[in-house]
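You will see two complexes here that share chain A, one where it goes with chain B and one where it goes with chain C.
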Partner chain A sequence: MENYIIRSATLNDVDFLVETIIEAEKGGSDILTYTTLFGLSEADAKIYIAKMLEEEVDGCDLSLSGFLIAERNREPAGALSGWIEGQEGVSSVMIKGNLLNYCLPKESILQASRLSKVFSELSNVNFIPGSLWLGPVYVTPKHRGSLVLAMLCHQHIKNAKNIYPEVKEVFCAIFSNNMASILNYKMLKFEVLKEYVATSPEVNKLLPSNKKVIMHKTI
Partner chain B sequence: MERKEIVSKLTSVFRTIFNDNTLILSDELTANDVDNWDSLSHMILITEIEKAFSIKFKLKDLNKMRNVGDMIEIIMLKLQPV
Partner chain C sequence: MKKTIIALIYKYLDEFNSQREIDDKLEKSEKTILYGQESGLDSIGLANLIIKVEGAVYKTFKVQIDMTNENVFSLNENPFRTVNSLAEYIVSLINEKKDNGNYSSEE
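Coming up: the complex of A and B.
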């Protein structure tokens, strides 16, 4: 465990962060929302995700500055994003929506516009201002079972408390098919706070699951 | 275009995107106050606003928007004759 270094991500990590976001989006399934929702190939999705990270906009799950990297022997072992909700007075949904609007091709936005109502029931997550949110997480197969997520999570909480001492809660949103992540967070004393269910049968073609759980713990 | 006219046009866009004909815009309104205002609907909202007002936002303009009031101010600036 002590062989791992936890550090902030830099522009040199973009390729690994793209892999992190893609794997986290799939959540153990074969469904990539950038493909199903935006009509992008996986190769193109990687290009656009890199572009969004390289914009270096703070405050959402696509913010380069929000990612911590676990590294061993100079090799990335895992990454986890985190941000304080609304720290600069702008909600993360607006920041991420701005990035998507700015970086994705207009035809992708049009396609998403036609499909978005199918899963609107999953869209009412309450991002409480001033709370810590954890986003995409990925641990490479070689480093699984080595408490990499625990180290990353612990460091995010420590950093958040240093910068923003009033922070009292940490949250994450996970598709319910991703049992590995749910179990890992339960081991870190997170509890399921709420479950959102989309009822349209089309959802299962677009998203890894029709259910999303919000987990939290007091810090 | 006057502020009142912008608010009226913007209200129409919001009501369409969020499928709510009773939605009333206020300067303080944020994503936390409207059902289904998530990152995806925000992305679509910005695209539709750009279309409705024939403008194109810069990313730095977008990221200054804390609420609907900021959004209106930025649209007014964009519509000012150069």
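Coming up: the complex of A and C.
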């Protein structure tokens, strides 16, 4: 259709993936959880996110191997992360938790741990083992309105089905303020499966929204 | 059929334009660009267009089409480029369904 190339991310893409994760975390808001929860400056958050990606740990939304990059004229246009949940018998929550613990300063982990009660209602997402999960997504402003997310999503589904033919469902978890992502997934025939709402008034200072939407589609 | 589909696309453009400043309105023309940097539609605008036109096609033709199915990305021509190319693409999707015996037109 248009000259986009979809390829797997490599270590050379870390800078773009850091931008992807930061922008996806914000989801169109000004709130960056690495700042509000972990007490890091945005500059430090970038350094630690790069470090976590460079660890090349598989199976969660910070796994370098899980990112697909859309590229046009040798320029990154967008990225989307995806992984098969619990592939090695360990949940993505556990893998990501270990990665954060290993890479982030101890005081950041302690701060996040103290604050976690505020949004505990959002932490009960049921990551169904053996299903495909899509994580951080970002499309550069220049390439918006070009169906880049659709191309990345289709490629993730295709890759997952090639490697794990038994995969039957694809999921994503999105903060409700991120209308662009929600609409784009609706366009791709994802349906809202469940909504998690955090009731503490403090949550809006920490997260982009107090509501997380789980969307899914049978593949 | 194509004329009806163009009217459905224009209906969405009316809705889109009603929320836009006069300089940002999209022209109701078959040549109007809907995709990419040259388009006045952003990511939300294009996603909305696709969702709403698919819904309108279903209402009008009783045919469920999927404009963003994975096959579209391997086409040589970009069907989302203009109002005209999108209408032609939708006609081809409806005809495909018709060929598969999954069609009941109210036209």
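Keep in mind that, in the parts below, the second predicted complex is superposed on the first by the 217 of 219 C-alpha atoms of A that agree within 3 Å, B and C clash if a C-alpha of one lies under 4 Å from a C-alpha of the other, contacts with A are read in each partner's own complex, and residues count from 1 in each chain.
Here, a contact is a pair of C-beta atoms (placed from the backbone, for glycine too) under 8 Å apart; a residue touches a chain by one contact, two chains touch by 3 or more.
Bear in mind that the values here come from a model prediction, so they are computed numbers and not experimental data.
Chemist: Is A:102 in contact with chain B, with chain C, with both, or with neither (first, second, both, neither)?
Modeler: A:102 sits against chain B, while chain C stays out of touch.
Chemist: Any idea whether chain B or chain C touches more of chain A?
Modeler: The partner with more contacted residues on chain A is B.
Chemist: Which partner does A:89 reach: the first (chain B), the second (chain C), both, or neither?
Modeler: first
Chemist: Looking at A:184, would you say it contacts chain B, chain C, both, or neither? Reply first, second, both or neither.
Modeler: So A:184 only meets chain C here.
Chemist: A:124 in the overlay: touching chain B, chain C, both, or neither? Say first, second, both or neither.
Modeler: first
Chemist: With the two complexes superposed on chain A, say which partner A:8 touches: chain B (first), chain C (second), both, or neither.
Modeler: Once the two structures are laid over each other on A, A:8 reaches no partner at all.
Chemist: Across the two complexes, find the residues of chain A that touch chain B and also touch chain C.
Modeler: Residues common to the chain A contacts of chain C and of chain B do not exist here, since the sets are disjoint.
Chemist: Which of the residues in chain B end up touching chain A in this complex?
Modeler: Its residues touching chain A are 19, 30-32, 35-47, 57, 59, 62-66.
Chemist: Quick one: which bits of chain C touch chain A in the complex? Just the residue numbers, please.
Modeler: That would be residues 35-37, 39, 41-48, 50-51, 66, 68, 70, 72-80 of chain C.
Chemist: Which of the residues in chain A end up touching chain C in this complex?
Modeler: So the residues of chain A in touch with chain C come to 1-2, 139, 142-147, 149-151, 154, 157-158, 179-180, 183-184, 186-189.
Chemist: Which bits of chain A are touching chain B when the two form their complex?
Modeler: 37, 55, 57, 60, 89-102, 104, 106, 109, 112-113, 116-117, 120, 123-127, 129
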